[in-house]
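What follows is a short report on a single structure.
Chain naming follows the written order as A, B, C, D, E and F, and within any one chain the residues start at number 1.
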Amino acid sequence: MPYVNIQVTREGVTAEQKARLIKGATDLLVDVLDKNPATTFVVIEEVDLENWGVGGLPVEEYRARQLEKQS
Amino acid sequence: MPYVNIQVTREGVTAEQKARLIKGATDLLVDVLDKNPATTFVVIEEVDLENWGVGGLPVEEYRARQLEKQS
Amino acid sequence: MPYVNIQVTREGVTAEQKARLIKGATDLLVDVLDKNPATTFVVIEEVDLENWGVGGLPVEEYRARQLEKQS
Amino acid sequence: MPYVNIQVTREGVTAEQKARLIKGATDLLVDVLDKNPATTFVVIEEVDLENWGVGGLPVEEYRARQLEKQS
Amino acid sequence: MPYVNIQVTREGVTAEQKARLIKGATDLLVDVLDKNPATTFVVIEEVDLENWGVGGLPVEEYRARQLEKQS
Amino acid sequence: MPYVNIQVTREGVTAEQKARLIKGATDLLVDVLDKNPATTFVVIEEVDLENWGVGGLPVEEYRARQLEKQS
């Protein structure tokens, strides 16, 4: 009875992609730990871009600076 | 000072039901562990149906298949 | 299929108390939202005292200062 | 590679304030534990008021009663 | 920069199995959402059996009753 | 009444460092959002090295490979 929580930035993840994440995460727990899919939960949390920080910056600003460095 | 996090699918939980969940969870921590309600947090997270997976499927599809099996 | 996460300080919660927390939290979800107990998870996380802060202090220090104030 | 999750009630936290929370939390992990900002995540979760309970009540009701006590 | 949290009961998951969970979860985020592995975190949390409840019971008791039903 | 959860790898974080993380995180919420320290929780979760993955690898293996690349 695993609980898998997947947090990603809210950037247009489609229903089809969510279904693939759910299937993939469940299959992983079945394959590696022989868990029962019927009692394996997968919860996807989408986080607004301004609510996610990396490198001390909101993610959009961080990405912009990374691009500047590369250009 | 417990922290209780309740994750449920977003299926129209009313404000009144949320208040009952908050009261019930707090009372539980008071009754069992003699905790102070004033420093007991209860946070309810509602998750979109397509973001919750069980049995390797998004929950709506899982429920539909369960119904098919039973019919 | 709710997921309930209960975080408390690690202060000798007994197996019997944990069973009561599990039963109480599950019954609450059944009573208020008519959830299925068989797909309701309750996870209790015990946190070392020095890992839990309130009032800007580790909880033991916070409690000690509260007692000082009251004496 | 720390992961910091900040949960607050949804009460109009501005983008600028979120940026300050992200910077402050990251700087804290750098200062105290010498962590690498580039692999330090900060995720801010805003919770609707009716979804946050304290003192056994939804937070708005709790605050109203506190005010009544003080008046 | 996804954050994946996998909670399972503490039942002897080996280092090798943990490595497979980490690789599998990361590959899943790469395949489905084209995420960068270098900024994809996977955190495995092992929960003591008496701290995990399902069906209103601690998991070991729940499993024992399920076996009884089947015998 | 914020709840701050800080997850770091279990690598000998001292009680003194934990106290600094607790104070720093609390002060941050006071400074930025004018929150009440007495109802601000900070919970530090230390995760075993083999339970934390980045780049598709357990963190120790990831670090070893990074060092190889740099040498």
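Worth a mention:
One rule holds for everything that comes next: contacts are C-beta pairs under 8 Å (C-beta built on N, C-alpha and C of every residue); 3 or more make two chains touch, one makes a residue touch a chain.
Note that the structure is predicted; figures quoted are calculated from it, not measured.
Contacts with chain A and chain E are shared by C, D. Residue numbering shows that chain C and chain E use the same positions for less than half of their mutual interface. The rotation relating chain D to chain F, fitted on Cα atoms, amounts to 180°, rounded to the nearest 5. With every chain reduced to the mean of its CA atoms, the largest distance from chain E is reached by D. Taking E-F and B-F together, the chain pair joined by more C-beta contacts is E-F. When the contact pairs of D-E are matched by residue number against A-E, A-B or B-F, more than half turn up again in B-F. Here the CA centre of chain A is 21 Å from the CA centre of chain D. The distance from the centre of chain A to the centre of chain C, with each centre set as the mean of the Cα atoms, comes to 27 Å. Residue positions of chain E touching 2 or more other chains, listed in rising order: 1, 3, 7, 21, 25, 38-39, 41, 43, 52, 54. If each chain is drawn as a node and touching chains are joined, the picture fits none of the line, ring, star or complete shapes. Under the contact rule stated at the top, the pairs of chains that touch are A-B, A-C, A-D, A-E, B-C, B-D, B-F, C-E, C-F, D-E, D-F, E-F. Interface residues of chain B facing chain A in the complex, by the touch rule stated above, are 7, 47, 50-58, 61. Taken together, the chain F residues at the contact with chain D in this complex read 1-9, 13, 17, 20-21, 24-25, 28-29, 31-33, 35, 39, 52, 54, 59.
Contact residues on chain B toward chain F in their complex (touch as defined above): 1, 3, 38-39, 41, 43. Residues 15, 18-19, 21-23, 25-27, 37-46 of chain B are the ones that touch chain D when the two sit in their complex.
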